[in-house]
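Across the two complexes that follow, chain A remains constant while its partner is chain B and subsequently chain C.
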Partner chain A sequence: MMRLISKNRWTMGLFVVLALLFVVTKIIQPDFGASGVESLARASLPFAFATAAMAVVVIAGGIDLSVASMMAVASVTAAVLMQGASDAMAIPIVILVLVIGVIMGAINGALIVITKVPDIVVTLAMLFVWEGVALLILNAPGGAAADWLEALIVGGTGLLGIPKALIVLAVCVLVVWIPLRRSRLGLSIYAIGSDENAAFRSGIAVGRTRIIAYAICGLFAAMGGLSLTMSTGIGEPIPGPYLLASVAAVVLGGVVLGGGKGGLIGPIVAVFILRLVRMDLTLMSVDPNVTTIVEGTIMVAVVMLGGVLAIRSARS
Partner chain B sequence: MTTLAPDTTFLKRLGRFMRDNPVIPLILLLIVLIGILEFMRPGIVNERWLGNTVKFAIPLAMLAACQTLTMLTGGIDLSAGIVATITSFVMATLVPVYGPTGAILLSLIPAILMGLANGIGVAFARVHPLIMTLGTGLIGTGCLQVYQRFVIATGSEVPEFLAWLGTGRTWGFPNALVLFIPFAILILWGQRRTGFGRLLYALGSNERAAKLSGVRAWQVYMALYVLSALIAGIAGLLYVGLIKAPSLSLANPLMLPSIAAAVVGGTSIFGGRGGYAGTIVGALILTVLGTLLTLLQMPEGARRILFGLIILFVTALYVRLTDQR
Partner chain C sequence: MKRVLKTAAAAAIAAGLGAPAIAGGHADYTIGISNTVQGNGWREEMICAMKAQALASGDVGSLNIAHRNTDAAGQLEDIRNLIQAGVDAIVLNPSNTEGVNSAIREATEAGIVVVAVDQAVTEESAYVLSNDQEGYAYLGAKWLFEQLGGSGDVVYMRGAAGAGADNDRHTGFTRALEEYPDINVVHEVFTGWQQDQGKQQILDYIATGLPFDGIWTSGIDNVIVDALVESDVPLVPVVGADNAGFVGQLASVDGLVGAAVTNPGSIGGAGVTLALQILGGDIPEDRTVLVTPSLWDNTTEEGMALINAAQNPNLDPEWPVSVSIPGWTTYTMEEIIACKGPGE
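After this line comes the complex of A and B, so read on.
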C-alpha cells in the first residue's frame, strides 16, 4: 500500500488538489451538487480525450500538435454523416469515425518516420492539413448527432450517481489503455520514449512502435471529436483551444515532456482540475473573456513549470 | 552502383547549391508561377497587378521576418499574427483619443509585453517556443476581447498616414516600400554583419557550443522575441493601413502563409540555416500562389491543406538534400 502511494505520489497529489477544489467550489456555490458534477464531467470530456491522445505520444517521446485539428475532422465527419441518418446507422458511423482517427494518426506517425523530419514540424504542418480537411467537409458549424448518442452523455446520472459522461470516458480510455499497458507494445512505447537507442538495440521496431503510438493518439482524438459532436449536437470545423489545454494537462499530470514517464490517470485528473478552475471562475461570475485569460495564464504557467522541472531533472 | 553514382553526386551538388543560394531557384519558381498565372488569364500580369502583389506581399514578408529570425535559433513565433492584430486594433481605437503618433507608440506596448512574455518562457523556463508562443497568443486574444468591450464607445480610425503607406502608390510603386526597403536592408545587414545576427545562427546550429563559448543565451532569446513582437506590431500597423478596417482577427489569416514563406525561403525550422533574402522571395511566391488559388476558386480548406503540405514537403526536401551522408 505504501509503495503504491509513494510510486504514484504525483497522481495522489493531484487527487488531493481536485478534492480541495471541490471544497472551494462548494463554498462558492453552496448548492453545487450532482448536476454541477455532471456538467463538469460533460465539459471535460473532449478535453480529457485530447489529453489522453497527447499523453500517449508524449510518453512515446514525441508530441502531436494536430490533436485539435484531428478532433475537428472527426467531429464534422460524424455530424455530416449522422445528419438524416437513422439511429441504427449511427453505430457504423461511429466505428467509421474511429477508424478515420486511427488512419489520421497513423499518417502523422508514418510521415514522421519516413521523412525523418522532427515530430513537432510534421504535426505542425499536419495541423493545417487536418484543419483544411475539416473545413472542406463542413464549411460552417452544422450537421447533427443521433439522439441516443447525445443521450449517452447529456443529462442525468448513470449507475450509482456517477455522471454518464464520466462513465463513457472511463470505459473508452480503459478499453484502449489497460490492454495496451499490459502488453509488449505498451512497454515498447515507454521504451522508445525513455531511450530510443536503447530500445532499438533491445530489438524494438522503433519506427513501427512510433506509428502505432500516433495511431492510438488519433483514436483518442477521434473519440474527443465524437464527444464534441455528442455534447453539442453539431460538428465544429474550427477546433477549440484543445492543443494548449492538452499539453498543459499532460505536463500537470506528471508526464514528462521528453517521454518515457507517466500514465493516463494523472493527465485526466489534471484535466478535471483545470476545468474545475474555469467553472469556479464562472460561478464567481467573472467575465468569460477574463476567464479565458486566467485559464490561458494558468496553462502557460503550468507548461513553464514543467520546463523548469525538466531542466532540474536533467541537471541532477 | 555505377548508374547511381552520378545521380547522387548531382543531388549532392544540387543540395549544396540550394543551401548556398536558395534565392536563385526560388526566383526561378516565382517566374514560373507568374508564367502559369499569365497563361491562365492572359493579360493579368501588368504594372497594376505587380504593384498590388508587392503591396500584399510586404506585410506578409514582415511577419515572415518574425518567423525567419526565430527559426534561425530553432524557434518559431506563433503569436506574431495575434500581436499584429492586437497592435493594429489598439492603435485604431486610440487614435480618436491620443492622435496618430501617440496611438502608434502606445499600441506597440502590448506587442513588447507579449514579446517579453515569450522571451521569458523560452529563455528561462526552456519551454518549446512553439508551445510558449501559442500560449501567449491565446492569452493575447483573450485580452483583446476584454479590451474591445471597453473601447466600443470611442470608435476607431485608421490614421491617414498609415492608409497612405498601406494603399498609396508613387510613380507606380507602392508606398509601403518606403518602410519595407530600409527594414529589409536592416534585417539583411543585421543577420550577417552584426554580432546579434551571428549569435542567432550560433545558437541555432549548436546551442551547447554557443553557450560554452560564452554566449549568454537568455539575453539573446529575450532580445530576439521582443524584436520579433515589435516587427509583428509594425507589420500589423502597415496591414491595417492596407485593409483599412481594424478587426479582432485582422492579421490571423497571415499566420500560416508567414511560416510557409520562411520555410519556402530556405530557412531551416531547426535553426542555424537560412536568411531573410529567401524569405522575401518566399513571401512573393506565396502571394502569387494565393492569387492563383483564388483564380482556381480553391476553397479555404484546400488552401490550408496545400500550405500545410508545402511546409511539410519543403522541410522534408531540405532534410533530405542537406543531411545526406
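After this line comes the complex of A and C, so read on.
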C-alpha cells in the first residue's frame, strides 16, 4: 500500500487538491451537491477524452496538435449520420466513428514516421486538414444525436449517485488503457517515449509503436468528439478549446512532456481540477477577463511546486 | 409552433411588450450572463450594454458573467455553473441554435428565466430577443447588387465558418443573389469576424489584380475601406455594419459609396430588460422578438442624415454606433462606455 502511494505520489497529491477544491466549492456555495458534481462530470467529459488522447502520444514521446480538430471530425460525422437514423443505427455509427478516429490518428502517426518531419509540424498541418474535413462534412453546426446516447451521460446512477458521465468516462478509458498498459505494446509506448535508441536496440519496432500510439490518440479523440455530440445534441465543425486545455491537463497530471513517464489517471484528475476551478470562479463571479489569468497562474504554480517537491525528494 | 413577431425594436413596445422596468430600486436580482466570443468589439459592446442596463435598472444586485471563447459544450458548462451559482435569470448569446438547449431546459426547470439575445435558440422555455440575421444580409446584399446595376463581380467576406449567425446571413445573402442572376461572387472568404484577418484577406485579393465591383462584409468593414484606400485602387461600393469606424468612413472618405446595416450590440442590454420584466411578472405574449435591421446608405439624403446623426468619435471603431435601443435600454452613452455593472 505504501509502495503504491509513493509510486503514485503526484496522482495522490492531485486527488488531495481535488478534494480540497470540493470543500472550497461547498464553502462558496453551500447548496453545492449531487447536481453540481453531475454538471462538473458532464463538463469534464470532452476535456477528459482530449487529455487521454494527448497523454498517450506524450507518453510515447510525441505530441498531437490536431486533437481538437479530430474531435470535430468525429463529432460532425456522428451528428450527420445520426440525423434521421433510428436509435438502433446509432450503435454502428458510434463504432464507425471510433474506427474513423483510429484511422485519423494512424494517418498522423504514419506521416510522422514515414516523412520523418517533426511531430509538432505534421500534427500542426493536420490540425488544419482535419478542421477542413470537419467543415466539408458539415459547414455549420447541425445534425442530431440519438436520444439514448444523450441520456447516457445525463443524471446520476443508483450507485451512491455517481454521475453517469463519470461512469461512461471510466469505462471508456479503462477498456482501452488497462489492457494496453499491461501489454507488451504498452511497455513499448513507454519505452520509445523514454529513450528511442534504447527501445530500438531492445528490439522494439519504434515506427510501428509510434503509429499505434497516435492511432490510440485518434481513438480517444473520437470518443471526445462523440461526447461533444452527446452533450450538445449536434455536431460543431469548428474545433473547441480542447487542444491547449489537454496539454495543460497532461502537464498538470504528471506526464513528462519529454515522454516515457506518467499515466492517464493523473491527467484526468487534473481535468476535473481545472473544471472545478472554472466553476468556483463562476460561483464567485470573478471578472471573466481575470478568470483565465487565474487558471494559468494556478497551473504554473502547481507544476512549479511539483518540481520543487521532486528535487527535494531526490536529494533526500 | 413558435410565433415569430417580426418588428422593429421600437414597434415591439407598441406591440404590447410593455415599457422596460423603471429604475425603482426595490428588487435585488442576480443575473447570469453567458457569452462565447471574447475580444470582438460587437460582443464587448453587448457585455457592456448588459452591465450598464443592469446598473441603470436598479433591480440587479450582482452580475455573474461567464465570458470567454468557447464552443457549445463550453457554454453548456457555463450555463450549468450559473445554475449552481443560483442566479435568478440568465441572459446568453447562444453559440448555437440547438447545442445549448439541454442546459437552458435545466435552468428553466430550476425556475431561472432564460433570455437568448442576438441569435435564436430552439428551446421553447427560453425567451428570444434576436437580431434578424437573415434580413441583415439580405438587406445589405440587395442594396449592393442594385448599386452595381444588377451585374458585376462581388467579393463576399463572411463571418466565422460554422457560426449560427454566419449561416443565417449566408441564407439571406444567397436569397438576394438568386434575385440578381448577373451578379458573380468572385471571391468568398471567412474573416472569422477578426479585423486583422479580414484586412489581410482583402489585401491578398487586391494583390492578385483581379477586378471586382463591390464588397459585402459581415461587419468587418472599416479595415476593408482602409485597405482599398491604402492600396490606391478604385473605391468600390462596400456594405458593412453600423460600426463606429465604418459609419465614420461613410461620412468622411471621399468617393466612398457604401451602406451600413444596423445590428445593435446593445441588444444585450435589451435582454437584461426583458429578463427583469419577466422576473417582475410582466410576461411577454410572444417568446420570440426579432429586431429588424435597417440600412443607412450614403447615396441618399435620408441615409446620409442617419449616418451623420450616428457619428460618435467617442466609441471604439469596432463598436456598433447603436449603443442603445429605445424602449429597451435606459442607460446613458457615458454609462455604456464606462462599462460598469452593479457593484463595480
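The definition used in the following text is that the second predicted complex is superposed on the first by the 282 of 316 C-alpha atoms of A that agree within 3 Å, B and C clash if a C-alpha of one lies under 4 Å from a C-alpha of the other, contacts with A are read in each partner's own complex, and residues count from 1 in each chain.
Simple rule for what comes next: a contact is a pair of C-beta atoms (placed from the backbone, for glycine too) under 8 Å apart; a residue touches a chain by one contact, two chains touch by 3 or more.
The model shown is predicted, which means the values in this text are computed figures rather than measured ones.
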| item | value |
| --- | --- |
| Touching partner for A:I265 - first (chain B), second (chain C), both, neither | neither |
| First, second, both or neither for A:L135, with chain B first and chain C second | both |
| First, second, both or neither for A:S231, with chain B first and chain C second | second |
| Contacts of A:V308 with chain B and chain C, given as first, second, both or neither | first |
| Which of chain B and chain C A:V277 touches, first, second, both or neither | neither |
| First (chain B), second (chain C), both or neither touched by A:I167 | neither |
| Touching partner for A:M12 - first (chain B), second (chain C), both, neither | neither |
| Chain B versus chain C as contact partner of A:P118, first or second or both or neither | first |
| Which superposed partner A:T292 touches (first chain B, second chain C, both, neither) | both |
| Chain B and chain C contact sites that coincide on chain A, given as residue numbers | 135, 139, 241, 287, 289, 292 |
| Interfacial residue positions of chain A with respect to chain B in the complex | 65, 111, 115-118, 120-122, 124-129, 131-137, 139, 241, 243-244, 247, 257, 287, 289-290, 292-293, 296-297, 299-300, 303-308, 310-311 |
| Chain B residues within the chain A interface of the complex | 76, 117, 121, 124-128, 130-132, 134-136, 138-139, 141-143, 145-146, 149, 256, 259, 269-270, 299-309, 311-312, 315-316, 319, 323 |
| Of all residues in chain C, those that touch chain A in their complex | 38, 62-74, 76-78, 80-86, 96-102, 160-164, 166-167 |
| In the complex with chain C, residue positions of chain A that touch it | 29, 31-32, 35-36, 39, 42-43, 46, 135, 138-142, 150, 154, 228, 231-234, 236-241, 275, 278-279, 282-283, 285, 287-289, 291-292 |
